[in-house]
Amino acid sequence: MALLEIRDLHLAMRSFDGEAHVLNGIDLAVERREVWGLVGDTGCGKSLTGLSVSRLVPTPPGRFLAGEIRFEGRDLLACPEAEVAELRGTGIGMIFQDPTTNLNPAFSIRTQLVDVALSAARRDPAILEGARGRAAQAAAERLAAAMLDRVGIPDAAARLGDYPHEFSGGMRQRVLIAMALIGRPDLLIADEPTTALDVSVQAQILRLIRAMVEEFDMGVLLITHNLGVVAQSCTHVAVMYAGNIVESGPVRAVLTTPLHPYTRALLQAIPTRGVVRGALRGLAGAVPNLIAPPPGCRFAPRCPRATDACRAAVPPPRGEGHRVACLHPGDRDA
Amino acid sequence: MTHAVASARGQALRRGWFRFRQSGLSMLGAALVVAVLAIAIVGPWIAPFPGHVAGGVDTANRFLAPSLAHPFGTNELGQDVLSLVLAGTRISVLAGLGVVVLGTLFGTLVGAVAGFAGGWTDEVLMRLSDLKLTIPGLILAMAVAAALGAGLLNMVIAIALSWWPGYARLVRGEVLARKEEVYVAAARAIGASPARILFRHVLPNIVSPVVVKMSLDMGFAILTVASLGFIGIGVRPPTPEWGTLLSVSRSYMPDFWWTAVFPGLAMFVAIFGFNLLGDGLRDVLDPRARR
Amino acid sequence: MTPTALSRISRRGLLALSGAGLAAMTLTLPRAALAEGRNILVIAAGQDIPNFDPHVATGYSASFFLRNVYDPLVRVAGNPPQAVPALAESWESSADGLSHTFRLNPAARFHNGDAVTADDVVYSFERALRLAKGNSWMIRGIVEPGRITAVDAGTVRFDLAAPFAAFLAVLPWIFIVNKAQVEANLGSDDGMAWLLANTAGSGPFAVKRAQPGALYELERPATLWQPGAGNLTGVIWQIIRETASQRLALQQGEVHFAVDLTSEDMDSLRDRPGVIRVIEPEYRTFSIKMNTAYGPMADVELRKAVSYATNYQAIVDAAGYADLMIGPLPLGILGHNPALEVYRLNLEKAREHLARSAHPNGGLTLRMVHVNGLEQQRRWALIMLDSLKALNIDLEIQPMLWPDMVAACQKPETFPDLFPVYQTANYGDPDNIAFAAYHSSRNGGWQNAVYKNPEVDALIEAGRREIDTAKRVGIYGRMQEMVVADAPDIFGVLERRKLGMRDAVKGFVFAPVASNAIECHGLSL
Amino acid sequence: MLEIENVTKVYPGRQGMFGASPPVTALSGVSLAIAAGESFGLVGESGSGKTTLTRCILRLEAPTSGHIRFDGEDFARLTPVALRAMRARIQIVFQDPFASLNPRMSVHDIVTEPMVIHRATLGLGARQRSARAAELLDLVGLGPQHLHRHPHEFSGGQRQRICIARALACQPAMVLLDEPTSALDVSVQAQVLNLLADLQARLGLTYLFISHDLGVIRYVCDRTALIWRGQIVEEGTTERVFDAPASDYARMLIAAMPEVRFD
Amino acid sequence: MLRFVLRRLVLVLPVLLGMTVMMFIIARLLPGDPVALAAGPNATAAEIAAYAAEFGLDQPVTVQYWRYLSGLLGGDFGVSIFSRRPVLDDLLTYLPATLELVLAAMFLAVVLGIPAGLAAAVWRNRWPDYLGRVAALAAISMPRFFLGLLLQLGFAMWLLWLPLGGRFPIILEPPPLVTGFLTLDALIAGDGTAFATACRHLAMPAIAMCLSPLATIMRMMRASTIEVLQQDYVMTARALGLPARQIVFKYVAKNAVSATLTVIGLYFGWLLGGTVLVETVFDWPGLGLYATQAIVSQDFMPVIGVAMVIGLLFVLVNLVVDLLYGVINPKVRYS
């Protein structure tokens, strides 16, 4: 039984222009100690996939049309809200893109860490070693300091009373990681955790997350738009385009022998060492309108290999391990 | 090509209209405002007793309770209250509009200059507007109106004098914000003159909040006009102004409650309509404030 | 955050918070009860008492205060009003009306225990004349400093410059202060600063507490010496500005008197249990003065046209409890001629006179001002507007603040075409209205800004100097005819005095002079 | 062509509610020289001073000390009129294509605006300006059918093309590219980068390309400088900087580059 | 922080100075002749001139202004031409009544408005929210004086539950003066009846007055709560399993209140200046009524005095609000 298993997830979002089919049959399974990278262009649905797992997609305007999200075998979409809420923090932890806005500016980080620890301890007393009442508060503070220390904040105990704006961007993201991990979750969803950070800091944070995977024995869903980040820190990758996972599998397999034309286009668009000026290949056209998506493969309008069959029906994912949803896969351009 | 342009703009308009129509309250507000404006235009002609509007009296029929002949009853001089209320709509709407327009013109000027020039000019103008904010507006308006004497125009001027700082602050804030926009930096980088930047890049982009504030202020301006009338520093008789009508009638309560209640209700309905509309407009025009 | 997620848990919490707020203002509290064992009369009035100085303060609220806290030589009482003893227990006048001698009541005591002496009387009159404020105008030119003599401690003699028929009628308004107390607190302004908020009187009541803008409470002084006291232990002057509020307070028994009621209030008080309505004629005239000196109204034909066009019935209707004036003098006052031929609504005659004026077909706009906030004046302005339409004359109505109106009276050029004005008889003598409203020496003041007729002046002067009543009637008769012929005013109405009173009040006798400045000495509860 | 000599920029401290903040030194002693026709890369992380430097070059702000010369002329000494003429010669493309276009103006107005401002020097009539605007759109790969649309109707990549068209309107000699692709998706970024390279080749432009993305810099720049805390820490040909970085900071940055590499 | 307070207080001075200048200009504009009025209807020209000289009104306006300013330094607000009472005494008499009313109204507005706004935001776009929003807009649209009249008509005239107006019944001994607030003084004196009576008198004017700020605070609180609810940190808090109750009442409320605080400060000044109407309706012996009467008799020293006091209070309250803002929002403290 996989830690997280998403099956055929369909999600629609209502807007003024109509209802957009933003997730169109997502299949994904994450095991413990696996780090899954979820990549794709803006608006392809990668963040919504992450939010769906925690059932944090607002409904309405969101609407789950079909599918299952199984966390340790339990279908979260069928659970009442209260049960899902029980899982947040202890079963599933999350960190988000912008460390500046994800910490509450009006409270010290002590308050914020302790509150998360206390609420997690209500469900799993082991987190605070069964301490109660006043002792729990003290234990939570100790745990908070220990976590801060663990994520690499120097002089952690002394900085507990500081407010978020007194930390640098990278330090704030470390605080958020500490907050997400303080309840010892089994699954960590990290939504663009380094996008707002400088390159130098980004590498440190990614290393920290990798280290935590081992220590906490958890699975990670790392959402990013940067294939370089995926290559550096993920064990597996799923490439998304317009609400579909078009290709997925072990990271090395997918990135070295990309089968889907979109994956290949993405890789060719990255300026890497040795690419001559002017030789970079971009992708013509634009992402389809999701309110009235084209029938069939959503990439077909931009795809050089598209045939009438592609435009007729959504191609199902094929393959074991390295899976691709394309009628004309190949690792070379035609 | 032109067709495409028209349809793109049309779509934006339709989207706004859709959002506006979605909200039943905004529609109610629009309906009320349309009704109020219509009455303001034709009120004096549809008044059942136009003579009373012009100051005619009928002392033989004083204080008649509401009836078919006088749906709102008659007042202390036998005048038809319905006629006075209908005719009063024009006065209130006109005065409110006057206040808002004067306040907007002057406030926008001051705010734009302050925000754009910055530095010393800004400091002086903003201290001046602070001053106006610190002096209680109603007392200032009362003092000025008392000094100028009764009359519609005087009242409008008196209120507008305490009205512009709100616009000055709004416009200044918006100008300061717009000044930081990248497209303003871009315009500066291509060598646009300050005047060009102000009129081409900054002001067009602050029209929406100003229009929203104007529509929200209409109700409040009508209310302030009525307040002055209520205190007794208002229009000259026989002009039928709601606040003045209410002020005169309050001493006839509770026995002749209709003389006070109907002008008050008219006031409330008009202000409510403008506020509902303003709220709805804000939702459509000022997306940042949308909730 | 989705609404679903939060609503379930927070409803209780929010309700609890709101409930705490509501609890702070429970509305079911007991009604205030009248204090027991004390007989305190409560008067509801709209006017604050601006000043305690008897030689400075004016206005009916001040009159109330002074009449109860201070004593004059004589008081005015009854209907028709008569001079009755106050500080003076008796008085006599010389045959030529020039010399008046008053004998003070030896029992009279100031609140601080000092006896009231002739010196105090002399000091008070001279102070009033020296300050030239308040009511001193009534005796100016009649009583002169240096001609008031303290004959002995208990006797004071006035030697007038000229005979003055109304001498006794003005004396109730000149109050006597304790010379020693005032001199002890003289300051640089003749004691005005001290007397502003302190008293040095001998009246039947003394100040207990004063809350400007809210209420003034009087109590019986230990030195009470006036005979004929009722059982009151105190009086409260409560300021209730709105007449509707006054009426309601009276209706609910929270006050014993309400002094500013309108005719509508009186109607709604009819048959209310425990309420007595006092509706009595009074000498307060209401008329609309015309600019006889400047502008179109300088033309007597136009004035007559306007006088004939006025809807007098509407004026009475709008006034409620009121009587139409017949000529310039109040009905019932000495010398008033009830048979006088005056203007009444007659459009034919109005048009005749108009035809003879410079505007035979109308078509002009007249300007009428009125005191902003004076409801009756506003009504009459509208009635005039309505009336003048028949003559094709437009009326521009301009509400003004009273000081602006006073200022406009200073010059004929600034005086409006039509100027409504109340004139209160401060003393019950025809001279009061005649002199104040028609004597040209008053030109430039609001009571008679422009009207000037030497013959009328001569008659008025004769009337005030004459002490023979029958002769005075003759003089005032001629004067009334002449004034009517000049048509300087639209003679309006005498509004009746409208007081609301609880039936618990005993001993109240109406007097048509300053009847809203209630004298409380003889009242009981 | 562009000489930056010992430029320092200090922002005064601000009076806050509970005390004053200290002054901030955004640039200290920055010197650079960019030759005509070359593509010069400036790399720096957030807060390194690269944005301040562009603002100083464009004379949107005045440096506290130091000189900036363009074609040998010192900006600080130019009269306002001369400065305005100078502005036609040096143009900029900003990072955020969504914010750098006035939402109230049509593409036509946006692209012709520089020509209107500099009509005295360019000498173009209204019709000629419109024609040139159509040409420019064509040049950046957008059809003239877009002329009368408004910015909100375009995607990010298209908007950035409009910005480029605007920057080219006055035929500048030099274009500052302030992170022109960092707000774009990778696939779109590649197109814009190619367009920029193409334009440079065709029009002989000089680029100052500012970015935090080392990969992009390596792809488009001939020479590269690294700025760190307001100071230039490394400068040289792009190859040299990437292959043999001299400073610790450069080494650290290059090591931290996330690249798709499995070796 | 002390420096900040001092600096703000120093900045108040030019504002107050400007206010006196402006009021003097307006007073100069008045076409009427306050002296002629005050001197009485029968005063002669010479007497009026003497009266004017007594108050220095015969001097050029600059001299008058200078005298007034020098008086102010010594706490002398001038003298009412009409009553000859020192304006300061009058201000001290009337101010507590107005303050009590404004504070009561503000208290109601805050205590009811903040939870109501929070509730509306939490139940956004559902019926309690719609109801609340319509009610709030209606409350803002309701002229205070008309509401006051309706309250009087209902509760005082028809139901006879509450007194029609005034501040305290004359027959009762008022509690000994300590704060000038009758309700507080009654509590201090332990006089339950007096407290109840004072509250009964306070109820209607306070309700008439609080409605508009209540609605505004509610709307502001709703808006800022919704904004805060959309903040990333709320999402983080939810994603990490904090209970909804804790999120709303602790994390969201504090941030939302700090945004609402500014409105509260502004409204306080607005209420102070706007008591005129309610005081007129309810015969409440406060500054507004005092100012109205002074304006009507063109007695401008009291008008300047009232404007000064209200302006000063306004500035002080906003200073307090700014300080509170710093307490709630730690970021402001440092920036």
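Annotations
Just so it is clear, A, B, C, D and E label the chains in written order, and each chain counts residues from 1 on its own.
The rule is simple: a contact is a pair of C-beta atoms (placed from the backbone, for glycine too) under 8 Å apart; a residue touches a chain by one contact, two chains touch by 3 or more.
Being a predicted model, the structure only gives us computed values, none of them experimental.
The minimal number of chain-to-chain contact steps leading from subunit A to subunit D is 1.
No other pair of chains has as many C-beta pairs in contact as C-E. Rounded to whole angstrom, the centroid-to-centroid distance between subunit B and subunit C, based on C-alpha atoms, equals 43 Å. A straight line joining the Cα centres of subunit A and subunit B is 51 Å long. Spacing of subunit B relative to subunit D, judged by their CA centroids, is 47 angstrom. Taking the mean of the C-alpha atoms as each chain's centre, subunit A and subunit C sit 87 Å apart.
For subunit E, residues that reach two or more other chains under the stated contact definition are 31, 124, 157, 238, 243-244, 280-281, 296, 298, 334. Counting only residues that touch two or more partner chains, subunit D has none. In subunit B, the positions touching at least two other chains are 146, 149, 232-233, 250, 253. Contact residues on subunit A toward subunit D in their complex (touch as defined above): 41-42, 169, 198-200, 202-203, 206, 225-232, 252, 255-256, 265-273, 275, 277-278, 280-284, 286. Put simply, subunit B touches subunit C in their complex at residues 55-57, 59-60, 62-63, 76-77, 146, 149-150, 232-233, 236-238, 248, 250-253, 255-256.
For subunit E in complex with subunit A, the touching residues are 231-233, 235-244, 246, 250-251, 254-255, 258, 328-331, 334.
By the touch rule above, subunit C contacts subunit E in their complex via residues 1, 3, 5-11, 13-14, 17-18, 20-22, 24-30, 32-35, 40, 42, 48, 50-51, 56, 58, 132-134, 137, 192-193, 196-197, 211-215, 217, 236, 238-242, 244-245, 248-249, 252, 254-255, 372-373, 401-404, 406-407, 410, 444-447. Here subunit B touches subunit D in the complex through residues 1-2, 4-5, 8, 181-183, 185-193, 196, 200-201, 204-205, going by the rule given at the top.
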